[in-house]
Amino acid sequence: MGSTTGRLFVVTTWGESHGPALGCVVEGCPPGVALDLDAMQHQLARRRPGQNKLTTQRKERDQVRVLSGVFEGRTTGTPIALMIDNGDADSSAYAPFAHLYRPSHADYTYDQRYGFRDWRGGGRSSARETAARVAAGAVARQVLGAVELVAWVQQVGGDEAEVDPSTVTAEQVDASLVRCPDPAASARFEEAIRAARADGDTLGGVVRAVARGVPAGLGDPVFDKLEADLAKAMLSLPAAKGFESGLGFRALSLRGSEHNDLFEPDGAGGVRTRTNRSGGIQGGISNGMPVELSVAFKPVATLFREQDTVDRAGRAATIKARGRHDPCVLPRAVPVVEAAMALVLVDHLLRFRALRG
Amino acid sequence: MGSTTGRLFVVTTWGESHGPALGCVVEGCPPGVALDLDAMQHQLARRRPGQNKLTTQRKERDQVRVLSGVFEGRTTGTPIALMIDNGDADSSAYAPFAHLYRPSHADYTYDQRYGFRDWRGGGRSSARETAARVAAGAVARQVLGAVELVAWVQQVGGDEAEVDPSTVTAEQVDASLVRCPDPAASARFEEAIRAARADGDTLGGVVRAVARGVPAGLGDPVFDKLEADLAKAMLSLPAAKGFESGLGFRALSLRGSEHNDLFEPDGAGGVRTRTNRSGGIQGGISNGMPVELSVAFKPVATLFREQDTVDRAGRAATIKARGRHDPCVLPRAVPVVEAAMALVLVDHLLRFRALRG
Amino acid sequence: MGSTTGRLFVVTTWGESHGPALGCVVEGCPPGVALDLDAMQHQLARRRPGQNKLTTQRKERDQVRVLSGVFEGRTTGTPIALMIDNGDADSSAYAPFAHLYRPSHADYTYDQRYGFRDWRGGGRSSARETAARVAAGAVARQVLGAVELVAWVQQVGGDEAEVDPSTVTAEQVDASLVRCPDPAASARFEEAIRAARADGDTLGGVVRAVARGVPAGLGDPVFDKLEADLAKAMLSLPAAKGFESGLGFRALSLRGSEHNDLFEPDGAGGVRTRTNRSGGIQGGISNGMPVELSVAFKPVATLFREQDTVDRAGRAATIKARGRHDPCVLPRAVPVVEAAMALVLVDHLLRFRALRG
Amino acid sequence: MGSTTGRLFVVTTWGESHGPALGCVVEGCPPGVALDLDAMQHQLARRRPGQNKLTTQRKERDQVRVLSGVFEGRTTGTPIALMIDNGDADSSAYAPFAHLYRPSHADYTYDQRYGFRDWRGGGRSSARETAARVAAGAVARQVLGAVELVAWVQQVGGDEAEVDPSTVTAEQVDASLVRCPDPAASARFEEAIRAARADGDTLGGVVRAVARGVPAGLGDPVFDKLEADLAKAMLSLPAAKGFESGLGFRALSLRGSEHNDLFEPDGAGGVRTRTNRSGGIQGGISNGMPVELSVAFKPVATLFREQDTVDRAGRAATIKARGRHDPCVLPRAVPVVEAAMALVLVDHLLRFRALRG
């Protein structure tokens, strides 16, 4: 249940942070899709820690193996099993915390839900699980074909970048160490992250994403509206605490006459909206304009500072992180947001096919 | 598919705004629950238009009939069918718009998805559908028992109220014409809504909600985290464009050391957090603290002003609303948000039971 | 859960035998299908009791109302709600059994599952629920278009008819009082049913069905093989206890060399099999040949004879049926089997569309 | 979709016969279950080919690896990933058939569904996939605890054994080379299989199974009746073409008065039925008596004889098997039927928990 997403393009992820491996099974992928493994590996590399001096220095190779569902380079329509070896994880940095609850982490709640937990590296609650989503998302992107998906870091802490969603490119994003295509903001974000690290502290922020070329008609009212499924996908990411479709909360100072997107002929026999405050979705269904969303990630919970907490027996204790951890997950969250978005879009594309033939 | 929600407490809604009736089927409700029909009818009355001079003056009786699944006042464990007659709807106000696309409504996207649409009263895309959710939510609340669910209007336009989620009550909320338990803000909100109506214009805002007494352990990582399912439920509501779990976007100016919720003994042998910035959910699982969320609703799209648009043939046209429409849906959205929250919580409660016995 | 079937053409039924009404919601029906209500009503009439002197004399009108999902005669792609009023049911014949368990009925098991039950007319366990399936099946048949679905009574008690599945027609079936298109067997079956009734006893038998014109490629290995979903659909019918795909158990006296269906060119550029012992399904996927299946229905459990049983307190008691009951459900099961088959086929047709576009 | 089964105990299998590996993901397994890997390996050994001279001589080691979801020997409640390496498969025996359709195999239908297929070893349609089900079933059996599951070979070709379902044991079954606990029948079955092999021919038969100790109340009317889900599980097995719950087709010569299972006090304050013709299921719900079912497997399609067929271009051709193949799959189907039954039972056990707490 909880480790599966999608109705027709169905992805099940599995694996713990320090278990032997992690991976996913992709069901419902149409047959005959040429699978570009280099593209998949590229996305995994973008998510990988240790890419530069701002992110954690842990080494993860994240080499993906395709165990089924592909024959002579093309998907066969049967389940695609993808596996990534974890290598020999060193769990010793976590051993002192086996009986402590890290504040604002999932330790306590996993114990409440399951009775006990695999504490090594955070177990199933580790963000390492998103590697499997990125691999599945790479399959989805190849099914989506011409849809252009770009995410970037829009905000770090309270500071915002200026980025035009209608033109921003993946190249511009990846040219920045912090994946912010606004060079001035990129420099400020770098500096803010460095400062937080120096204080043993952490920062949150906003990833924004756009999908250009999404056909009109995707989204299944009333419960599976496109933005509802996108919201769920984004809030299922580690540390995500907020979601906006189009302007979202930023629309609230506008009146209806300022917010409505007026229709006009597009000059090619079709229709477009003059503005895109709705973020490409109206009534829960895509309208052919770029789909735009934002995700708020809370400040990282792992601090290199002493914090009050309790142990498994409920006694007061203190805790301070060891090992290597990102002071800000935003740059690495970019490919994860893109993958999550791709999975939702491809699922709704197949649902549309089923409905309309 | 799209009209069904829940894994174990499964609700399917049906019906168009001006069809003969609308309703829902609730599957998976545990047997033996005494069903309080007055409580259900009370929630429907809270959602109904025409409650006061700030909301639309349409008359909807919304009398619910229980067609199955209840015997001698108790649920039997079989599907509960609930139906609300629409009465004789007058579709004449919509006839001029049968061939026009109302800006920022679902007319255009429904045509793109389905090829045509039932234009009477907005058909399936009308917010009238939420009456069925409120009815289902009333069943859910009776299964949830001691959980206290309270939603209120937190913001109208750019103006915010001050409300303490740990103490706010339904009585305080309903004492306000605009369902804002902060009396000063309530007065300002009323005035703002009146001013917008006078201009033929509309306003958006924020509904905030809290659930007190939610047991720890609810939520199913990784995709069905409790906040992921809450986000989906909220973004599936008409006009919803944003979601926050706990502080959400408001956390971003904080560093980790300011945002983390530290654990402490609760003095009764258990554990609590000193603060509740996480909104009762950590790692996607409830931690026993109050579950808190916010939903952004965009300004109402229906304006009593001339707007540019196109017709079904793609030709430029203009449009101006007729009939009766709310200038601000926030007050009536309050019971809908509560119902949506109840449906997610009860589903996860049953999922927890399945897992832990 | 248990009252819902289908992945893409999703049907949820609701209603008790003596409740105010019963019905279903059909989700995922493609838009634009002209809905023939007379055809639906015709199928309901075929299922209705009291059609002739061999079946029970209860009067059920079974007039179906379409409450949503249809506009100007065509499906809109939104949920189709269908409702059938039960009229004023007289539950007095059941009152003596409210505290007794009818042998081989669902009374005892419903109490075990739900803690209590609606005993009026058998409640949810009554075969009356199949009226909702027949209504949903009528929608499915209109989506299936050219597929020819014919079921008939193949066997009553130990006596078998001879019917050619490749040519049998609905008209031939309905020309027989017992829905057996083999006139000699039809006469024998009538006589056997009369004799059983005279003894206060009952009979079981076999319904066989064929679907001609099913396209190749339907069925989703490995768990949702076409014959797996057909088996489930058939075993979910009241009193069904056995299922055969193609020859089924009748294949067992054959060796592989006698059972295999050899391929040959079909003379029109395609391929067919020389025989059809597989019943149109190989590897769980339709092969373009007629899909053939058989369903065994046990003898009716309701007897007009004294039987030993126990009461709700577990004390020995005796029981004897009152009111009107069929001594053999086979003739009325024919349209129900057709409906169940149609629901499976249309679901897999939509699944194929999603996969192959 | 098609490779996933279960609502709460959800199993997804993946893998092709000659791909690098196959496996499954088990979701929804309750936490804290001590996982007995030896028991799992034992069941895999029972399914493995090459166990004796009556079955194929291919060597498959089928060593299962647990990649996630287990910590310190107990299930954690997170997805359990199981993998079995295929070793270095030799596909050369299949190369001549890459462009031919083996009669009554899935080659033609896979091409019709997917457009092409992985022909090596039968690809996804190979019965090798059932190894993953057996592994998942071994997990299910450990959750089921005290339920005793025993399957056996009841019939080979037209010849039947006599076995008492209320007393038969796994030891008696495994003492027979053909897994038939009736020694006289076992000897006849062996001889029949040898004779068929000598002729390059094959045989079908019946596997019967019983589950003793299943609690009353399992099964979810109306569509997910216990026997409906069992029927689906069994018809999803390779070569399965028939299913019986309780007496099934064998009930048809009985009248109702001969078939009904009369209730009686069980002498311990409870209730039982005097007979068990219903096979432990009434109204689709278990009644506490042993659950009994039968599965018909068609004669193996792979023949060491020349057969007519066509090639992918639709031209007439002939075909004759090479390599090693069972002349009768029944003995190896026994652990597969047990696993399939365990998966259905455990899913319904968890569903019951969700409903009743």
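A few comments on the model shown:
For clarity, chains are labelled A, B, C and D in written order, and residue numbers in each chain start from 1.
Everything that follows uses one rule, which is that a residue touches a chain if its C-beta (ideal position, glycine included) is under 8 Å from a C-beta of that chain, and two chains touch if they have at least 3 such contacts.
Because the structure is a prediction, the values reported are computed rather than measured.
Using the contact threshold fixed earlier, the set of chains in contact with both chain C and chain D is A, B. Comparing chain pairs B-D and A-D by the number of C-beta pairs in contact, the larger count belongs to A-D. Chain B and chain D have Cα centroids separated by 46 Å.
With each centre defined as the average position of its C-alpha atoms, the distance from chain A to chain B rounds to 26 Å.
Centroids built from CA atoms put chain D at 39 Å from chain A. For chain C, the set of residues that touch two or more other chains comprises 1-4, 7-8, 13, 28, 31, 77-78, 113-115, 124, 221, 351, 355-356.
Put simply, chain D touches chain C in their complex at residues 1-5, 7, 13, 101, 103-110, 112-115, 124-125, 129, 155, 157-158, 196, 199, 201-206, 216-225, 227-236, 240-249, 251-265, 269-271, 273-274, 277-279, 281-288, 296, 298-303, 305, 307-310, 314-316, 351-352, 355-356. Listing the residues of chain A that touch chain C in their complex gives 7-8, 28, 30-31, 77-78, 221, 350-351, 353-357. The touching residues of chain A, when paired with chain D in their complex, are 1-4, 8, 10, 12-16, 19-23, 25, 27-28, 31-32, 65, 67-69, 71, 74, 76-81, 83, 113-118, 123-124.
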